[in-house]
Amino acid sequence: MNESKETPGLFAAAGAILRKDLRLELRTMETLTTAAIFTVATFVVFHFAFDRYEMSGDIAAGVFWVTVLFAAVLAINRLLSNERAQGGYEALLLAPIDRNAILFAKFAFLFVTLTLLEIFALLAFALLLLGPALSTEMLPLAPVLLLANIGIAAIGTLISALATDTNARELLVPLMSLPLLTPLLIGAARASTPLMSLVPHTEHLDRWLGLMALYDSVFALLAFAVFEYVIED
Amino acid sequence: MPQAADSTAGHLRRSGGDLAICVSGLTRHYGERAALQNVGFELPAGQTLAVFGANGAGKTTLLRVLATLLRPHEGDVHVLGQALPDDAYAVRGQIGLIGHEALVYRDLTARENLAFTARLYGEPKNRVATVVNEMLERVHLEGRADEPVRNFSKGMMQRLSAARALIPRPQLLLLDEPRANLDPGAAQLLDPFIGPAAGRTRVIVTHDIDYGLEQADVALGLRLGRVEWCRPAAQVGADEARELYR
Amino acid sequence: MTQSRFFSSRSATRSSADSFSRGLVGYAFAAAATLTLAGLLVFFWAPQDADQGMRQKIFYLHVPLSIAALCGFIAGGVMAIQYLRTRDSSWDLRSYVAIHLSLIFGVAALITGAIWAKTAWGVWWEWKEPTLVSFLIVFLLYAVYQPMRFAIDDPERQARSAAVYAIICGAFVPLNFMAVRLATSLVHPRVLGGAGEMPAEMRVSFYTSLIGMGLLWMALWKFELTAKSVSMRLGKLRAELIS
């Protein structure tokens, strides 16, 4: 009866879940549109709060990363609760897959979402507030974004799994996220400051990338170690 | 993981393949309250168990323990030869659950939902489309297969839910009020797959005593998380079963 | 009594209450004696600080409080690992009480820290002091532990999620200190020297007070564990009596 069937491998299952999530997101655009609108709205608010037409250096880096961080919190909030809202969460738990496939898929989905969001946010920021024009000198932002996204995705997946079964999810997600993401914010904002200054340059870039890489590896391993406990039962 | 599949078969052979479910001393707490207490029963392969009991008697908890969604706190639970909760992974692929929730994604189409299920249960890529089409025809959803399921009626959802549960061709079906949202036509339509003729081992949780007794080989009465009685369905009178709800 | 329903009553056996209370009295007396001795040393033996004078004495309270709180947080994480390994709900209770107690120590550490900042630098808060800033972030993170816990209804799930959170936070503590230190030290010199730069009298007084604070933490931890487990047992017996 089951001759042709085997349980899918970890990555096959994760791939199937990720494709399903991307398809759902493309169809509804719920996370990306809300996060994008939020990003622009926040830039507008910062414009009035600082009464500036242009920003550069540490202020620019701070405004950019705080905006991204809050937008990320929105995405984290929806990450696993969306699975419930859509109605399929228990089907995932019933399936003969390694539970870590859910972790990998959600991690990858959040990573992709954040990357798209940051590309949009950076363009919008350059258009609205950033003093120096976008140039190839800012290319070292790429590894900063990459390492920030890995960390946010690992921590975000854990937090969304922890919060999704509580009855105060919307409150708990930001409260848990902000302190846990602070070291990443430190690294990302400090690394971006010279890159966003009027004459973009790099300074201590390796130090901040190193900090973020260390943070990422610890929390990626931790997420892998504890995720099953969060979603069992 | 072909290894896991092999050991499943091995276990079944060793235990003679005669008992699909073997539960003893099963206890599951919900905080201070015991949702199930010292529950025990056996169900031979290919037979049907009907579980009766008032709301809060532990019927759904029992079903969820058997479905590997809740782990037992105490006691031995063997499903299809595998011990729960430790070997839950090895048995998940053999269980189909049809409950109150359809467990499908509202913004995906019926076809996409079933294809996703097929992938999760390890259907090889080149077979997915065939399997899904077959299943859509069986539950008469082929005409609406490419609509997002959020537009589906309750009856269509129930049919889709059945299709989802049947995609892995499960040996064991867990049915929570299977006829609650089905009109007689749909019930007739699904009967070959989830009825006794399908030859699957089944556990049916229901308030519908006549239907349950008619379907069952073994009947189990629960009251406040404890087994009130458990014997061949033929020896259980409908009045006796109604007694549970008083 | 309201607390008791949040924990699985299965840990509320007589033997667990006994094991929690073992050594409680000893710790309490040891803490009282050591802290009295520390007080005497601090005020009558340790030298006055040249700049800050008498007001610098709060250092002997603030730093041990912070260290006890941080160690308590980490211990709570280790107990959480133990809970996930054994599924013995008494470890969950231990971890909960450790974090809860450390949070109270943390409040005291922040208040004494602010007072010290005021006396030393004339401001209630000093962003240039990375230890203080890190401590605030850690405190904010652990402050969510209880709300998260009690937002979950199923006690078993509550224990599991709380354990995972405690482990994440435990790993966060050292990394956060590193990040904040790195962010500060690039621009500003360290405000505080290490313990090695202190005169011997200061150092001995400081360590005595640190040990005293550790003993106090242990005594309070055992006390709260015993109280919780006794009240849970009482609730259970009462429930049995009624039914």
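Going by the order they are written in, the chains are A, B and C; count residues from 1 in each one.
FYI, contacts are C-beta pairs under 8 Å (C-beta built on N, C-alpha and C of every residue); 3 or more make two chains touch, one makes a residue touch a chain.
Bear in mind that the values here come from a model prediction, so they are computed numbers and not experimental data.
**Student:** For chain B and chain C, which third chains touch each of them?
**Tutor:** Touching chain B and chain C alike, sorted by label: A.
**Student:** Please identify the chain with the largest separation between its CA centroid and the CA centroid of chain C.
**Tutor:** B
**Student:** Compute the distance, rounded to whole Å, between the mean C-alpha positions of chain B and chain C.
**Tutor:** Spacing between the chain centres: roughly 48 Å.
**Student:** Report, in whole Å, the distance between the mean C-alpha point of chain A and the mean C-alpha point of chain B.
**Tutor:** Chain centroid spacing, chain A to chain B, equals 38 Å.
**Student:** Rounded to a whole Å, what is the gap between the Cα centroids of chain A and chain C?
**Tutor:** Chain centroid spacing, chain A to chain C, equals 32 Å.
**Student:** Mind pulling the residue numbers of chain C that touch at least two other chains?
**Tutor:** 154, 156
**Student:** Among the residues of chain A, which ones contact at least 2 other chains?
**Tutor:** 232-233
**Student:** Quick one: which bits of chain A touch chain B in the complex? Just the residue numbers, please.
**Tutor:** 1-2, 4-9, 12-13, 16-17, 20, 23-24, 27-28, 86-88, 90-98, 232-233
**Student:** Spell out the part of chain B that touches chain C in their complex, as residue ranges.
**Tutor:** 29-32, 73
**Student:** Given the complex with chain A, which residues does chain C contribute to the contact?
**Tutor:** By the definition above, chain C touches chain A via 84, 137-138, 140-141, 144, 147-148, 151-154, 156-157, 160-161, 163-165, 167-168, 171-172, 175-176, 178-180, 182-183, 186.
**Student:** Across the complex, what residues on chain A touch chain C?
**Tutor:** By the definition above, chain A touches chain C via 155, 158, 162-163, 165-168, 171-172, 175-176, 178-180, 182-183, 186-187, 190, 204, 207, 211, 214-215, 218-219, 222, 226, 229-230, 232-233.
**Student:** Within the complex, which stretch of chain B touches chain A?
**Tutor:** 1-2, 4-5, 67-71, 89-90, 92-93, 95, 97, 101-108, 112-113, 116-117, 119-124, 127, 148, 164, 168-169, 171
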